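The following pair of complexes shares a single chain, chain A, combined with chain B in the former and chain C in the latter.
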Partner chain A sequence: MIRHSVMVGWADGPLKRYVDDARLQFTVLMHRSGQVLAQHGFQSRMDVQTACALSAAINATADSLGTMIDGAPFRGLHYAGAARQMHLAQLHVGDGVLLLLSVFDRESSLGIVQLYLDELHAALAASAPADEDAPPALAEDFERDLNTNLAALFGKR
Partner chain B sequence: MSLVNYATREITCKIVYYGPGRSGKTTNLHYIYGQVPGDRKGQMVSLATQTDRTLFFDFLPIDLGTISGFTTRFQLYTVPGQVYYQTTRKLVLQGADGVVFVADSQARQLDENIESFQDLHANLAEQGVDARQMPLVIQYNKTDLPPEIITPMAELDEVLNFRNVPSFPADALHGPGVFETLRGISEQVLRRLSTGERR
Partner chain C sequence: MSQFAPLIAAVTRHRGVQACLVVADEDGILVDGTAHVGVSTSAFAALTASLYRKAARAAESAGFGAVTYFELEAERGRVMAAGRNGLVIVAVAEPRVNVGLLRVELVRAAEGL
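Let's look at the complex of A and B:
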């Protein structure tokens, strides 16, 4: 059976504090598969999804490459661009591993980000809900909405 | 793993287009990208080689609109089909909510289809996923080619579709079958969310 993860904003508070404390431009918390859990700073939801897909790919690649050439996955990736820097971290929360992409400019630094990352990690670990069953999300007659929406997307009506 | 946000009433699902090299996975996404209005899709990201073969994955986020009161978004991925990108395929398959297997209908590609289908099942098993429980549809692409060089759909079904999942003939380059395939996998994936099944 397929699990669906229930999000009720448990990460929003800790993430907001992290953005303020570490003076970030934007940040996004995601599953290792690239699914968005929470974000601050992105204007477009589509941009968030793309950022997550690429971050998950970077993480997976670094895991495999590190294991191959150094015997252990590379962790805590950091890249300094001309105007912005990004930091990609793995956070062990509950039973799983989440990824956190942090983007900052000259208002912050790698040291500050790492400092507040530890606090964020602890806050997330404390607030993460236990994995439990949730009620069905969709009504049984969801097909009508699905068919109507897909037809509209493809210009079939 | 579908993500459901009951507070904001949002659902996000990951769909992976899987199949042998040059079967038309990326072409499916290109066609969808071309059809979906700009405000309902994100940027299509293609990590490809200089010859446009998929190196890592293609990615296209689309907004399906409101379904049963939930804003529903699908993240469409393709895997690289070439045999030597095995590691990459495993990475992209992680967390998939549904799989579209894009088979190449050309008769000379039959062995590649079988090998890729077996590869899919092996990779799911390696990730602890019971392939029988994974929403799956099969698309037989390139059915527009001359009949003498393609394998009839009934024969392909006999070889590949032992689970009797929904299967669709398609010409992804020009569009026929792409919509039906996406609707097929969408129904299967979302049905899980209407019955509250868990892994």
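Let's look at the complex of A and C:
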């Protein structure tokens, strides 16, 4: 069982502020399972779904690889491309762990992203719904929850 | 001790300097530095590098070439920075600091980056 709630909406405000402050191009907040919670900048549900699936896979790989090589999971990932950079962070919110993928260009920097990530973390911790107020994310409901959340974010396209 | 320690020591020796940081200008990550208690170095490094980058782009757009030095004057202090080779050396100082001397020191320190 994934303990954290799968409700969308509660993270929209903090994420919008984070995007504005850190000058991001794209960002998506998700469960470790790849279940989307909030996003900014992506134009289609398929892009969000793909970004979430790949981010969850990267996180799982880094966890396992870190444990194998260094005795502890690797945390955080930064990749600098020619024009864009990506940062994948783990955020401990309530009793769950969320993943945040941030994509930025020369308008921002890794230092700026890390700076505002701390503020986002605090804002998410303050606005996260209590477990009793929200349905838990269950593995057997993954696809249904994913479609519900994507429909909430993009409408039924 | 990093290779930048002598440069940082030369800047912080000036009366009124509260912090001196060497920062990577592209990613805003702190490379080395020293600061009085109360200066949030990583936040400061990220924001100053961002300012420096934007100043450099503004100078480039205006056809002025590369930025060698910039200064920000605020109500209760000054931020002075000089850069080279993708690094910026930044000093945070009280208003009473000798601006001329510190500027010379920073520009000289930047030559060692």
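General observations
Throughout what follows, the second predicted complex is superposed on the first by the 125 of 157 C-alpha atoms of A that agree within 3 Å, B and C clash if a C-alpha of one lies under 4 Å from a C-alpha of the other, contacts with A are read in each partner's own complex, and residues count from 1 in each chain.
Note that a contact is a pair of C-beta atoms (placed from the backbone, for glycine too) under 8 Å apart; a residue touches a chain by one contact, two chains touch by 3 or more.
In this text, all values refer to a predicted model and were calculated from it rather than measured experimentally.
In the superposed model, A:A152 makes contact with chain B only, not with chain C.
Using the contact criterion defined above for the overlaid structures, shared-chain residue A:S109 touches chain C, although it does not reach chain B. When the two structures are aligned on the shared chain, A:T67 is found in touch with neither chain B nor chain C.
Comparing the two complexes, no residue of chain A contacts chain B in one case and chain C in the other. Remark: chain B residues 1-8, 10-12, 14, 35-37, 40-43, 45, 47, 56-57, 59, 61-70, 72-73, 75, 77, 87, 91, 94-97, 133-135, 179, 182-183, 186-187, 189-199 touch chain A in the complex. Within the complex formed with chain B, the chain A residues making contact are 1-9, 31-37, 44-47, 49-50, 53-54, 56-57, 60-61, 64, 133-143, 145-147, 149-150, 152-156. Only residues 23, 26-30, 42-43, 45-47, 49-50, 53 of chain C touch chain A when the two sit together in their complex.
Listed in rising order, the residues of chain A touching chain C in the complex are 80, 106, 108-112, 114-115.
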